[in-house]
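This report refers to the structure that appears directly beneath it.
Order of writing sets the chain letters: A, B and C. Residues in each chain are counted from 1.
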Amino acid sequence: MTDIAEPRLAGAWQDADWTKRRLRRRYRAERRFKAYGLVAVFVALGFLALLIGSVIVEGYPAFVRTSVALEVDFDPKVLGVGEAPTAEELQRADYGKLLREAVFAAFPEVTSRKERRKLLKLVSTAARFELRELLVDDPSIVGTTRRVWLTASSDVDMLNKGSAPRDVPEDERRLDDQQLGWIDTLHAAGFVETGFNGAFFTNADSREPEIAGIGGAIAGSFYMLLVTLVLTFPIGVTAAIYLEEFAPKNRVTDMIEVNINNLAAVPSIVFGLLGLAVFINLFHLPRSAPIVGGLTLTLMTLPTIIIAARSALKAVPPSIREGAYGVGASPIQMVFHHVLPLATPGILTGTIIGMARALGETAPLLMIGMVAFIVDIPGSPFDPATALPVQIFLWADSPERGFVEKVSAAILVLLAFLIAMNAVAIYLRRRFEVRF
Amino acid sequence: MAAEHTVKAYDEELDRMNNAILEMGGIVEQQLAASIAALVRRDDELASRVITEDRRVDALEAEIDHLAVRILALRQPVAVDLRVITASLKVASDLERMGDYAANVAKRSIAIQEIDPIRLTHAISRMAGVAQGMIKDVLDSFRDRDVDRAMAVWRRDEDVDESYNSLFRELLTYMMEDPRRITPCAHLLFIAKNIERIGDHATNIAETVSYVVTGTPVEEERPKGDVTSFHQADGETEAPAS
Amino acid sequence: MTEDSDAMVSLTMEDDAAPAAAGSAADTDAAPRMRMRARDVNVFYADKQALFDVDIDLALNKVTALIGPSGCGKSTFLRCLNRMNDIIDICRVTGSITLDDRDIYGRDIDVVQLRARVGMVFQKPNPFPKSIYENVAYGPRIHGLARKGRELDEVVEQSLRRAGLFDEVSDRLQQPGTSLSGGQQQRLCIARAIAISPEVILMDEPCSALDPIATAKVEELIDELRQHYTIAIVTHNMQQAARVSQFTAFFHLGELVEFEATEQIFTNPHDQRTQDYITGRFG
């Protein structure tokens, strides 16, 4: 290192050997750091791919379902109705018997009670409701015989989709060899079919995995988000505008600001407790209702939206404000004519991201009873309902094998919604953002 | 010129111009002295040296012009700097004229070589001494930005003018006495006039110095000593000075 | 309603009267009429005093330049003249500033109306991110100076013409103002300011972000505008102050050091600090 001083004096240290060595070391360090970064990114991407991949692989089968065709003789005597039944009669008719007769008719050689019971297990218990629907829709088919596609039982469904293995000892299977034989017979006759599971999106929850759907949860989440949006957007934006543009800067507003920031970091379960205490215990709003969920999520989302809206307002350059003041605009004109339009993309983005967070929220909903098992699709924010993430939680808790795929499928739907919302946010930002 | 400019090169350029003017002034002062010496001592060689020296004065004036234009273009001077630059241009042009007059004196001193020396040259020499002092003082005042000194020079021009008046009358008398003396006396008259003009230019410089320092032109009326222009052609007594 | 119609009258009246006023007032230097007077103006930012006893008069149809080193208070003073400092919470102004002999900090003065009378052009061109037309039409619209489409069109065109911009943008009035070049944007901002027929126009370093050609155009515009308005301009560029202004005020450390005719300041300033500043001998 004795050669340091000399080249420096000569002003030619840039060409010295030690300089080049140093330079090479610096470049090596840079390359190393880039490599670490790339590894980190790929590890993260790998985990993400693993997660999404496993969810897709597990959840994909839930979007198809197995149906079994039966020749159903809509005999009024079996149904216990007259030749020309009234709508009321049809509602109360004995569809269980109709289904049983149809199943037995498909396998006339099976006669023992025990075997017949096993035979019934091939078709979903919910198939009788499908039959009822068919008749209620079209009473004229009473007295005729038709081939009707009915939902197969979850066990058959699993087997058919390959989710349940065939080649294990009989006592480890849900279906015994005899049942497998019947299924194969049906298969051979073309009476077993797999198709798109539309019911998954339209049905509400059910104890039977084969007919359980997320329709109820989607409706619940929708009403909840509607309530949240209607409340948070105006309240949040107004609060943000006031705090950012009009509020005097003093200790009180500083306190408010600090507290808003703190609220945004409060665990969501705390908001659930608050919702339970205030909306249900104090205001006696209905339990398990999206209105309460929406109110609770409003409390949770408000700070986020206020912060997002404030930063969007802050991002509008002061020169615009000065320009507006300069031509004699009043503060309110300045805000509504100039600042707010420029801040809108940012505010909308913040709102959508807040909504997305609310959509994915589970904990506070557990506290206010939206974790209940509800088989009806809610028609208004006041009906008992559940939400998508809660539905996932509920199904993940269920012991039936058929719910495993439902969990993943529901997660996929939830993810799709979240991605769609974020995409809209990005689109809005790109489309309407004004650069200065 | 209290503080320095933030841009050092600006100061350097102003200094260069200042020095060029002082150098030019020094040469002019010497030239006047040399031309008078040549006249008194009938020194042809010295006289011709004065004439050739005039080229240096012209060269310096050109350099000052160039520097001034350069500073005007590159530095956009204002206030005192602007006044210094316009003043420098004017002073340089005044000095150049003075140099020309000195050279003219030298030329005429050669022309009157053939003729007998007249004691009048001593009167001229005295007058030139005053003018020379004015040049020196006015250059000092320019260097030091000294208004009082400049104004003293400005007032002293009256002396030169008065010397010129008496010389004028004396020379007229000589010429009337002996027509053969007309040629040398005419030359001497011109020499005296040249020296008187040098004094006038010195007062111009004094006024310029005053403008540089105060920023306002000299308001006062300058005492006029040169009354020869009021003389009638027949050489009657002086007209009343108004 | 009445207020609106009054404003309309003054807008049109002013146009008729302007050429006559310009001819007489702009060319005679003798005793110009004062439009704004500032007396003993002190400005405080919280506890820090930014301006000390400033007295300045803005003469009608004259350009007054405010020069001085950064942080000397010249922009602060300019912003006092249309109460732009009101936006800053911690800013406090004492002393009196009058516009046509009415105290602009008085109780009877509405700050919004004041800013309509004392317009402002800023350092960085800041057109609204709207169309060129909307930029100019905004002021007249919010003040109710012009309602109907054609009336507004006329005001916009006239303002753009006065700002020397109309010929350059007449075929693209609906394009965003931000699509113009920097110099055009600044002239658009000037058009926006004059669209509401102010009495005084304040300019805060209007050319600092512009290239020399655009600067020259704005300077030429300023010289034309002074025939109709009273103008105060803050500038860092002393040559610019010399070129466009008739009066120059030199600020230093919050004090008004010298306020004189521009010619006087740039040939023979009285104060040594002024001299040092304008000749580049500072600090």
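Just so we're on the same page, a contact is a pair of C-beta atoms (placed from the backbone, for glycine too) under 8 Å apart; a residue touches a chain by one contact, two chains touch by 3 or more.
What you see is a predicted model; the values in this text were computed from it and never measured.
Using the contact threshold fixed earlier, the set of chains in contact with both chain A and chain C is empty.
Ranked by how close its mean Cα position lies to the mean of all protein Cα atoms, the top chain is C.
Among the inter-chain contacts, the highest number of C-beta pairs connects A-C. Chain A and chain C have centres, each the mean of its CA atoms, that are 58 Å apart. Averaged C-alpha coordinates give centres for chain B and chain C that are 52 Å from one another. Between the Cα centres of chain A and chain B there is a gap of 103 Å.
For chain B, residues touching at least two other chains: there are none. In chain C, no residue touches at least two other chains. Partner chain C is touched in their complex by these residues of chain A: 248-249, 317, 319-330, 333, 337-338, 342, 434, 436. Of all residues in chain C, those touching chain A in their complex are 82, 84, 87, 89, 112-116, 119-122, 124, 126-129, 138-139, 142-143, 178, 189, 192-193, 195-196. The touching residues of chain C, when paired with chain B in their complex, are 238-239, 242, 265-269, 272, 274-276, 278-283. Looking at the complex, you find that chain B touches chain C at residues 2-7, 10, 75-83, 214-216.
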